[in-house]
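Across the two complexes that follow, subunit A remains constant while its partner is subunit B and subsequently subunit C.
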Partner chain A sequence: MVNLEELKKEASQILKEGKVKYIIGFQRGSNGLLPVPAFIKNPKDVEKLVWDPTCVYNLTLFLQDEKRKKTKEKEPDERPVGIVVKGCDSRAINVLLQEEFIKRDDVYVLGVSCENTGVLDEKKLAKKLKGKKAKKVEFGANDDFVITTEDGNIKIAAQEVLAERCLECKAHFPVIYDVLIGEKTKRNVENPFKSLEKIESLPPEERWKFWKEQIEKCIRCYACRSVCPMCYCDECVADTINFVVTPDTSAEEKAQKIKWLEKSPVSSENFVYHFVRAIHLAGRCIDCGECERVCPLDIPVRFLNKKLEKEAKELFDYDVGFDPDKPSLVSSFKDDDPEDFIR
Partner chain B sequence: MAEEFEPKIVAFLCKWCSSAGSDLAGVSRMQYPPNVIPITVMCSGSVSPLYIFSAFNKGADGVLVSGCHPGDCHYIKGNFYARRRIALVKKLLEYVGLEPERFQMSWISAAEGVKYTKVIKDFVQELKPLGPQKKLRRTQ
Partner chain C sequence: MEKVLSKKAFPQWVKKLESYTMYLPRKDGDFWNYEVIKNPEIIDLDYLNTVLSPKKIIFPQREVLLEFSTSNEEELKINEVLPEEAQSVIFGVRPCDAKALTLTDKVFGGDFKDPYYWKRRNSTALVGLACNTPPSPNCFCLSVDGSPHSKEGLDILITDLGDKYHAESFTKKGDDLLNLAKALFKNPTAKEKKDLEKIQAESKKKIQRQIKDTKKIPPKLKDMFDSPFWDEESLSCIRCGICTYLCPTCHCFDINDEVTSSSPIKGERVRTWDNCQFPDFTMHSSGHNPRPDKAARLRQRILHKFQYFVELYKNYQCTGCGRCISKCPVGIDIIEVLEKARDYGS
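Now for the complex of A and B:
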């Protein structure tokens, strides 16, 4: 059982000792069920910290801001940042370490276990409660969630309201941590890529119809890019600057500012954007599912990334985010990589 | 009679092997279909997936990436990286429902002019029944 008091105690202690600059965690929001990110500097504020199945966000996203801020400062505070991570988020830290985006000394990882379950899918819960409003969700004793509504407590089996990705989770506990709160539990997942089968089993034309319908919806709000802890490029190929070529434009400028894709949200351009994102996340996506959660048009973005995760596993036997010392997927190779598709 | 559909193929050829191979086919006066638009790149490993998506986006009916045979790369291991990356791109394109024949990879050495013509001939043969690529093509 995750002991919240333990987390608070640990957090307050490292803040008091001055071990960390601040702590990124979850706190109750003022609106609705979901919490909001908390940035805690004062040891007194650790009482705000929460950890329950509603903490769906991947907080490692904020390490990007931290890094940007640090590079701008003249005399940066070199102390690490405390961060509360779940199993999936901890793998994001591993990938960031692997890419040397952050150093191990930059973070103090407060790992929390998902207690054999995972986090909630808000939509699933809303359906389940049929109009009743949940006020609070807590981990139950036997792989279930205790949900507090206006009419009292309800127990729901976790499997029924878990987020899709949690049903296919490979690590229910942080794989990298300085302090672990909770137990290292492991639930057996038969097939971590089961959700893909539905699309994969379709004939190619049906698959095309499905994806065209989905990708066509995209309005290019780039919410998926903004929320992704792995999308940290300073400049994205999707943000093509409106570039006017004049007689004075140098060849170098022309070469550097290529308009790879149009900004207009039409199917062909959306496809290029989503392909590029999927390929950039190949071997890096840790399946935190944030892209899909924030999508205002409910595009199953996760299935694109998941597919490449599956191929990485099947073709190259590559697991994402378990070992920060391993070379990344596309910066390494084996002599016997499959080449049956090559003429 | 309606004209037969002539596919447009964009071929990314590495400078050291495949491009030299296509040159050999040319100077040896071997016959092969004129449907290819060759683009010489320094190494098959330098072909960004974005080039491939962009080619389809701008109206290519087929894309070919060709490099040196494994072990022959001028940059020692560029084509090994390419092999991995292209495998992922191929899987992704097939996953969204693009015909697998439209995107191909080959190893062609500088001495294999004949193989180059064969690859192109086969590619064109396979693309003809598929018709123009409209799925990823920019419409506006």
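Now for the complex of A and C:
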């Protein structure tokens, strides 16, 4: 079992020793079931830390802010940032290391195990509780969750309320860490791409219809991009100003930049946005599922990324985020790489 | 005009309004959204609040302002495209969303009366649905001068009385809608009027969230522009546009030319929603960005709603619908931010 006290003790110690400048973790919010990100500097505040199945966020996202802040400082504090990560989040750290977005010394990884289960899908739980309000969700002893509601506790098998990505997770414990809290559990996932089966079985025209309907709902709030730890580009083709302008950028340079897509939320432009994002995440997406969770219109964005994860696995036997020392998929090749799909 | 309509007769009323374009909340998976309805039989007014407010109908996310093209003689032709004046009815508008339209009215109805906005606004009737129970756990209309059965901005307000609806019309547009199906409506009895009062009083008690002392916030914010408060509060913000795009009162837009053919030149000038939370919103062509980080952008969202708008229009630019709270990917809670600001440094 993950011992929360152990996590707090460790966090407090590294803060007291000055080993880290601050810790990014989870704390209870003012409202709702889900926690909010915590940025803790004072060892006293480690009491706020929580770790339970509602801790859905991938906090490695905030390493982008840290990096941006650091580049602006004249004499930056070079100490690492402490960060609480689950299995999937830890794979994000590995990808960021592979891509040299961060250095190993930039982070002090406080790994927490998902206890052979994973994190909660709030919508699944709401359906299960039929209007009853959950106040607290904790890991149970038998691969279940203990839900505290207004009228007492209920136990629900984790499988029934787990986030989709957790059902297909290959390692529900951190694969990179400085401290590991909890156990390295092992669960056999028969088919890590099971969720894709239904949509893959559809004939192309029906698949097209499905995606067209979904993508047309998009209002381009870019929450999927904003929440993604891999979407760290300073310039993105989706923005109207899709390149970094500095006082030195000449008018010619500005004029030469191509406008890849319009701001209008119509299907052609929405498709460009979502496809560009999906392609750029091939071999990089660690399937934290955050893009899909945050979508206000419930567009199943995760399927796009999952499909490319599957392609990477089947064509190149590439597993994302398991080895920070391995070259990344898109920046390496082997002589015997398959190429029969190139036409 | 005050009337009562049996629930069974509701679809018949809607049928009588066939000459109007009708919008109603429809369930799409796990959420509700406004759609044009063709078949009144499937109407269901038992709904939670929609993801996007009816603002999207009056002030659509994409709107063509004009078309341009060059003819063979290379003469530039410009053609203004005003929206069609289709008589429309939006059913089931929550009082907070109706009030929000009275706020966008102020913005688009100042010295310059925006013709695109007003064409739709004037030809649309709003039939509200009182919130006997709050449609969201994050509703806080009472804290921002609203109420779960406010008539502000509405033509008709419908209140669920169990097996019937109480319908009160406040405008000529509303009266017209009721008069189209006169036979279906009855005058309310004394008991029904009493029931209505009871339901309205109870509905207020059911709202779970509130801002205490909202009045103290605008004057307090005035002195907080340079406060480190915004850095602290924005730490977890991820810079997405959910809070603003889902907001029923946010009204910022961008205008772009979308060229569909370069030879001969053909295209449209298009207005789209814009979002103060995006980095390019305030980006100057020099590369200078006066709101360079997320702290400045969160501050803008709060100050616009609770200081600038109050100074300009004597209203909070927030109607307490709770969408920004419910949908924020990282749980930023405008109620909490406002209360912390109110108490900051004291």
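As a convention for this text, the second predicted complex is superposed on the first by the 326 of 343 C-alpha atoms of A that agree within 3 Å, B and C clash if a C-alpha of one lies under 4 Å from a C-alpha of the other, contacts with A are read in each partner's own complex, and residues count from 1 in each chain.
Keep this in mind: a contact is a pair of C-beta atoms (placed from the backbone, for glycine too) under 8 Å apart; a residue touches a chain by one contact, two chains touch by 3 or more.
Computed from a predicted structure; not experimentally measured.
After superposition onto subunit A, the modelled positions of subunit B and subunit C are compatible, with room for both. By the document's definition of touching, of the two partners only subunit B reaches A:Val237; subunit C does not. In the superposed pair of complexes, A:Asn142 makes contact with neither subunit B nor subunit C.
In the superposition on chain A, A:Ile219 contacts subunit C only, with no contact to subunit B. Contacts of A:Leu297 after superposition: subunit C is touched, whereas subunit B is not reached.
Legend: residue contacts after superposition of the two complexes on their common chain; A:Asn42 is shown touching neither subunit B nor subunit C.
By the document's definition of touching, neither partner reaches A:Thr71: not subunit B, not subunit C.
Of the two partner chains, subunit C is the only one that A:Lys123 touches; subunit B does not reach it.
When both complexes are overlaid on chain A, the residue A:Lys254 reaches subunit C alone and has no touch with subunit B.
By the touch criterion defined above, A:Lys307 reaches subunit B but does not reach subunit C. After the superposition on chain A, the angle subunit B-subunit A-subunit C between C-alpha centres rounds to 90°, nearest 10.
Least inter-chain distance for subunit B and subunit C in the combined superposition, rounded to the nearest angstrom, is 6, based on C-alpha atoms.
The intersection of subunit A residues touching subunit B with those touching subunit C, taken from the two complexes, comprises 262, 264, 266. Contacts from subunit C toward subunit A in the complex involve residues 28-31, 51-52, 61-62, 137-138, 209, 235-236, 238-242, 245-246, 254, 256, 258, 270, 272-275, 278-280, 283, 285-288, 325-327, 329-333, 335-336. Residue ranges on subunit A touching subunit C, taken from their complex, read 29-32, 34-37, 39, 57, 61-62, 65, 123, 133, 217, 219-223, 225-227, 239-241, 245-249, 254, 262-266, 290, 293-294, 296-298. Subunit A makes touch with subunit B in their complex at residues 199-200, 204-212, 215, 237, 260-262, 264, 266-269, 271-272, 275-276, 278-279, 282, 304, 307-308, 311-312, 315-316, 329-331, 333, 335, 337-339, 341-343.
Touching subunit A in their complex are the following residues of subunit B: 49-50, 53-54, 57, 70, 77, 80-81, 83-85, 87-99, 104-107, 119, 122, 135-140.
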